[in-house]
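One structure follows; several queries about it will come next.
So that you can tell them apart, the chains are marked A, B, C, D and E in the order they are listed, and the count of residues begins at 1 in each.
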Amino acid sequence: MSYILNIEGVNKTFGGLHALTDIQLKIEKGTTHAIIGPNGAGKSTLLNCCIGRLIPDSGTVNFNGHNMIGMQPHDINHAGMVRVFQTPEIFPELTLLQNVIIPALAKRDGTFKFNPFRSLAKETELEDQAMAALADVGLEKYYDQHAGSISRGDKRRLELAMGLIQQPSLLLLDEPTAGMARHDTNKTIDLLKKIKERGMTKVIIEHDMHVVFSLADKISVLAQGCIIATGTPDEIRNSAKVKEAYLGESEDE
Amino acid sequence: MSDRLIDEIKVRDRVKPVLNQGSSPSFFSCWDMHSYYGESYIVQGVSFDIREGEVVALLGRNGAGKTSTLRSIARVDSPQVTHGEIWLDHKPLHKMAAHDAAMNGVALVPEDRRIIAGLTVEENLQLAQIAPPIGWTIERIYEHFPRLAERRNQMGTTLSGGEQQMLAVARALARDIKLLLLDEPYEGLAPVIVQEIANIVDSIKKYGITTIIVEQNAVAALRLADRALILDMGNIVFDGTAQEVLDNEELRHEYLAI
Amino acid sequence: MMKISLQNNAVVMLIFSAVVLTAPLWLAPIGADYPDLLQKFAIFGIFAIGFNILFGLTGYLSFGHAAFLGIGSYTAVWSFKLFTMNVLPAVILGTIMAGVFALAIGYISLRRSGIYFSILTLAFAQMSYSLAYSVLTPITNGETGLQLTMNDARVIDSLFGVEAEAGLPSTNLFGQVMSGYSGFYFCAVILIIGFYVSLKIFRSPFGLKLTAIKSNQTRMKYTGFNTRPYLLSAFVISGMYAGLAGALMSITDPLAGAERMQWTASGEVVLMTILGGVGTLIGPLLGVGIIKYFENIFSAMNPSALHEIFNFLPLWLENIVVGITRHFVGDGWHLTLGAMFMLVVIFLPGGVMEGITKLFNYIKKKLGLNRVDSEDHVSEGGDRK
Amino acid sequence: MSTKDKSKDESRRDFLKATAATGIAASSPMFFVKDAYAGSHNMPFRNNPGSAKSVKFGFNVPQSGAYADEGADELRAYKLAVKHLNGEGDGGMMNTMKPMSLKGNGILGKKVEYVTGDTQTKSDAARASAKRMIEKDGVLMITGGSSSGVAVAVQGLCQEMGVIFMAGLTHSNDTTGKDKRRYGFRHFFNAYMSGRALGPVLKKEMGTDRKAYHLTADYTWGWTQEESIKNTTEELGWQTTAAVKTPVGAGDFSQYITPILNSGADVLILNHYGKDMINSLTQAVQFGLRDKQVNGKQFEIVVPLFSRLMAQGAGDNIKGILGTTNWNWSLKDKGSQAFVKSFGAEYGFPPSQAAHTCYVQALLYANACEQAGTFYPPQVIKALEGFNFDGMGNGPTEYRAEDHQCFKDVLVVRGNQNPSSQFDLLEIVQEVPRSQVEYPASMFGGELGPYVV
Amino acid sequence: MDAILIQILNGLDKGGAYALIALGLTLTFGTLGVVNFAHGALFMLGAFCAVSVQQLLTLSKSVKDESITFFDAYKDQPYLEIWWGDTGTAIIDYAVPISILFAIPIMLLIGVAMERGLIKHFYKRSHAEQILVTFGFAIVVQEIIKAFYGANPIPTPAPDIVSGSAAIGAMLGLSESLVYPWWRLIYLLFAGVVIFAVFAFLKYTTFGMVVRAGMADRETVSLLGINVERRFTIVFGIATVVAGLAGVMYAPILPPDYHMGMDFLVLSFVVVVVGGMGSLGGAVAAGFLLGILQSFASMNEIKSIFPGIDQIIIYLVAVVILLVRPRGLMGREGVMED
């Protein structure tokens, strides 16, 4: 099957509010798939359903041929689906380097490994990897700062580094460039392009059309919890339906 | 820390006198405001003026610091404003706590509406009328928002998204406000409801309430606004009329990503 | 400051060992050099170090660790009664038994977090205490406490033909009696080992993961870690430390009472850890030192002892000073302790260790040394044990 | 130990000893310095004062927790005893005690000093405090305490350390029964003696057809007392309706009191002490038990172990309640009067039974040293064992050699209905003669252990 | 049947006490977010309000006590009795009810002073530090009380008229043996009234509405121009008063001593947590539930099946409830879970 992720018929309601309605989404291996839509359209809910943070009311999330629904978040992570969070979910008390070493350890040690007598000082290999990941996102200079003290944009980049170091087969990016300056956004776009060359499949949720159109092979538009369109960037750009929902131009104008 | 201080001084030197077209002294002015979330530097020296009765759209990409700017003006605990002055109608907001600022006429309608759990619709409105100065009477509010009147004894949090937004705005109107801060009023609402809220905001404009509106849906916001400010990385990068933004595709593309 | 580690474990351990082993010398001027108090410092030091592995690293505040202390104590005394007066089996069995109980209690309690977790651990400890005090008297000898008797079986000892003496036998390590200074040195060596293990854990990937769980447990789950076994391991390790400390209490003084399991005993180790500095390597030891010193030395002072201390002052001043200070010693020692808790936490958030670090940085700054690395904190803290 | 393979055993023992010796030498150079075993009578013993001008006593009393007031009173008595021993003050019972070897110049010419410590009424804390006294302050004798658990714990420690322990307030049969020690002596009476003393009085006051309901503090002292009282009352022909264990420090006993109302019992026996006694008694009275008529009889409450301090806490509820006490300040004998006078003059109020016990024990230890002419514990112990004396209250008294229990008259008392003063809380119903409460030493088992440790 | 009836009554009475103590504690949690280990000490202070009033009323003239001949002893005769004779005695008899009037302003003052002087600075500090500082405070308060009043419990009887038992059984036409102490009935009633008053205050007054709103969302309330902090100070004062009243009323049941607060501290925490953090209703429900279960567990019939069950029942129930309901009976998500 060439689809790495196959979401079928996912529904999710919160106390009567339909957050997601019958979502059908197929992500092809090796592609970059963007999901766009106005705030509150259900994009983050969709991602949360994929990584086990939320359990959908119905439907399946097939990843590499396995249904992920009901699996523990850490198992989903080890299956190869990794999410980069929108509001930076980092370890604020730890240094940047430690923040990146943690996911690297997860990759190496699995869901649980009891190694209290191994010295961190001897983990030079992981450290190098982590430094490289930090360098990828341009944070290597601040490796010894506490993650809580850096700017929001930098936190996003740190998140990205934390996702990348696990080399997942599917990376879910939730607004990777929010809070970044234009200059940094462009750097991030370049980085994400580079990853694409490495063959990593990505799902990007993004508001920034510039980012979306520079990266995406395919775009799905989510509004009111429904996917209202899926297509190539050009198709989406010219869809009236999309304009109405997303850009807020109502039809009577 | 000392590096940061030097930065601040530099920033201050750099600030040009902000444009002050029309009424002088300006009704609201925010001068070189810096704020932090913990150690995170979010608002990095924002300065702007607003005339009485003006509706200003504060735009920018996600994470540009729009919400933080509004929250800084409303003087909530976080982000913490470390430097700068905020004046509203000759009163120094920067010296006040949130409740003082509110008593001096600032009203923030927060992003997620923040309808208070455990209180009915009516109690939510009553809550707004405890501290002076009091604005619209509850009867008047119900006249304007008949839907709220119907649900007056329902728990506020059981309302639909649009109704909650209505309640949040109504709650602001229940106070005698000089400056309304609207944070993402359309977020997560169905188009029909967006329209309804837009009408409400339109009517607010008619009453001449000075308003700053932050909205993801830039086009919708610009339709309401007299003026637009664009924020990027905690700084004001554009200040002009709403039409200028709508006309300037490059600007929109660069800073609003549309 | 931190590229994983600039800190040399060997140096830390060398300084720490030296400080601990010479404790009888440098504690002499403050009257804390007698064996029992030295033993208590070491034993509660182990308890607090272990507790800090759970609380300091993962942030889970257990209010029931005294239960494991008690279990370790009872197990050790039973080992003396049933098997041998040699302390090694007692140490090992006490630690293991506490570990088993910690596994069971931790498994259940860790299903909840925050204050719910604290109350669950408290509930288990209080149940253990109540049962040990009354219903389980056949095992624990209730209020009087479990003691050695002349007609205990001591299977291994009798197997090896160790002859019964006239009085009760003493605990020993292959003949070396484990009371007095030798008891202290035995505890000190175990403290050093315990500290080394704790140091290794703090500076291991395992320790880093625990810290990360404290920082953001949700994120750990989405980063691919199953956090429950990590928390459970930390809980069991700290429970074993408590059991070890309990066993040592029985070794230096073979009587195990139920009150060791009471919530106040659990609270004591919490206070020790917070007072010294949560999550720091040395902090808990400082907390132990302060609280145990107050309990044993301040409680024993009376006006006549105060007059002796202040007799360098002119008589009238001496009388005034004694008149004031007498309310803070003897039966007023609790007052001093309470006041100190308040002062420390008001002025030194982060505990005594924070204060020492600040002072140290200040001195360094004054001396024009800018670089401060945390290794110095360790040695500085060690001096104060 | 019968020896089949004695040579093997011995060689192993020798080996162990050798290791021990080298171990001590290597690991702890200060060991010998601290516990210097060099004595005057060629008999090394711990904390030998040698040629020092003074000797130290350790007063280990509860200074915090529920018994802090009792501890404070004990401490007052000790300080008074030290004064009297050193020839200061009016001499108190030094003037009435017979036989008497003390001269009012300290002990064997050495001035008496003391250190204090807080037992917190916890075994661990008490032992830690006692150890400090022995190891740091070098005391010759330890005394004090306010609970049996603590007494047994400290007594055991003192046996190991070779320091004499004069138990303070401890009422459990175990202290001189199964947990008795060669180095421990008790002046206080015990639960068994309480029962024996109460028996005839109960019979006289309440008859032989009664149904008793016990509330018992759920720990060893409570159990021994329940057992002792039960034996006595059942001998009288009483029935025991129920014996309910209550948690220590329960505070509110209402849930244990309510079932009594329907049980058909007509006597409530409260095997509680301290705060528990105050609370359970106060609450039992509130439940109207004392106004009740059951089986045509007036409902009665008995508190087998009384103390004036506890009576104070219970207020009016104590009035008319029967119990036993070790000593009361209203005794009219010369010794008691001398002590009360001396104590009252010093502190402005009369001493409690705890104070009396502690005062007497300090004097007795000192007297035994003087009599033995040495501080060497085995000799002092021998001087105390079987020591008969008089003039210390309660009439002629004996420290029985076999179990170190003191035998003297026991007071059966009743809460005073019309107290003439705020201290006059207990009236003496009967001074039960010693013969009536005596029992064979072997009854409670236990072994004293060796003289030399 | 009687036995069960009386145990239910007894359980309600105990539950009333638990609920009352827990109510103040959970009010502090819910509003200020502070873990107050000094709450037990406040309860104790309340009880000592009663003791103090009693001592104030019995302020006495020392008269030479002729009955003691060994030394110069003095006995006390209260001035009130000297001045007013029997009227004075009657006033002294009513010391506990009178002390309620004193306790309210005094406890309010103590609460407000404590909040302004100490607690205020710990809103944003970690729970661990809150525990340490309030525990230290509790010890200091205890020791001060001990210095003034000694360690022995001080009898503080209820007025004579209610010192006995009410023959409920006879009144209701049931068994004669069904009696219950007047004072405990009064306590139950009082607990009910205070709990009801607190709930009514929160439900029906504007101030109460603000407090409820503040518990739910502090920031939004301050955005509406309301000084939440000042109101919370008063709430802390109210919590202190509730704890104090619980203590005053408990004095006749449990003669107060300096340590009584610590004995109730753990219990009140268990009650609050079983009820669910930040839930007032939960605290009250848990208080009554635990009170009744404890009463039943103490019955001989049950103890004979499970020896010692009465000593652990509260903790056992706490464990079971927390395992079945993660946030206690009525706890809100996210409160004190980290």
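In this section, contacts are C-beta pairs under 8 Å (C-beta built on N, C-alpha and C of every residue); 3 or more make two chains touch, one makes a residue touch a chain.
Source: prediction; values computed, not measured.
K.L.:
Find out how few touching-chain steps suffice to connect chain A with chain E.
P.N.:
The least step count works out to 2.
K.L.:
If we look at chain A and chain B, which chains touch each of them?
P.N.:
none
K.L.:
Where the centre means the average of the CA atoms, what chain is farthest from chain B?
P.N.:
Of all chains, D has its centre farthest from that of chain B.
K.L.:
Count the C-beta contact pairs for A-C and for B-E, then tell me which is higher.
P.N.:
Of A-C and B-E, more C-beta pairs in contact link A-C.
K.L.:
On a CA-centroid basis, which chain has its centre farthest from chain E's?
P.N.:
A
K.L.:
Just curious, how far off is chain D from chain B if you go by their C-alpha centres, in Å?
P.N.:
About 77 Å, centre to centre.
K.L.:
Whole-Å distance, chain B centre to chain C centre, using C-alpha means?
P.N.:
54
K.L.:
Centroid from C-alpha atoms only, then distance chain C to chain E, rounded to Å. What do you get?
P.N.:
Here the centre of chain E sits 34 Å away from the centre of chain C.
K.L.:
When you check chain D against every other chain, which residues touch at least two of them?
P.N.:
Expected reply: 64, 68, 72, 218, 245, 247.
K.L.:
Can you list the chain A residues in contact with two or more other chains?
P.N.:
92
K.L.:
Going by the touch rule set out above, which residues of chain C reach two or more other chains?
P.N.:
In chain C, the residues touching two or more other chains are 130, 133-134, 334.
K.L.:
Which pairs of chains touch each other in this structure?
P.N.:
Taking the chains two at a time, the touching pairs are A-B, A-C, B-E, C-D, C-E, D-E.
K.L.:
Help me check something: in the complex, which residues belonging to chain B touch chain E?
P.N.:
Listed in rising order, the residues of chain B that touch chain E are 74, 76-77, 97-99, 102-103, 107-108, 110, 114, 116-119, 123, 126-128, 130-132, 171, 175.
K.L.:
Hey, which residues of chain C end up touching chain D in the complex?
P.N.:
Within the complex, chain C contacts chain D at residues 24, 31, 33-37, 40, 130, 133-134, 137, 141-145, 147, 150, 160-164, 166-168, 170, 172-177, 179-182, 184-185, 249, 253, 255, 257, 259-260, 295-297, 299-300, 302, 305, 330-331, 333-334.
K.L.:
Going by the contact rule set out above, which residues of chain E touch chain D in the complex?
P.N.:
2-3, 6-7, 10-11, 13-14, 17, 65, 67-68, 70-76, 146, 150-155, 157, 163-165, 175, 177-181, 183-184, 252-255, 257, 259-260, 263-264, 294-295, 298-300, 303, 308, 310-311
K.L.:
Give the list of chain E residues in touch with chain C in this complex.
P.N.:
Its residues touching chain C are 35, 118, 121, 125, 127-129, 131-133, 135-140, 142-144, 147, 262, 266, 269-270, 273-274, 277, 307-308, 311-312, 315-316, 318-319, 322-323, 326-328, 336-338.
K.L.:
Under the touch definition given earlier, write down the residues of chain A that touch chain C in their complex.
P.N.:
Residue list for chain A touching chain C: 51, 53, 72-74, 77-78, 82-83, 85, 89-95, 97-98, 101-103, 105-107, 109-121, 123-124, 127, 143-144, 162, 166.
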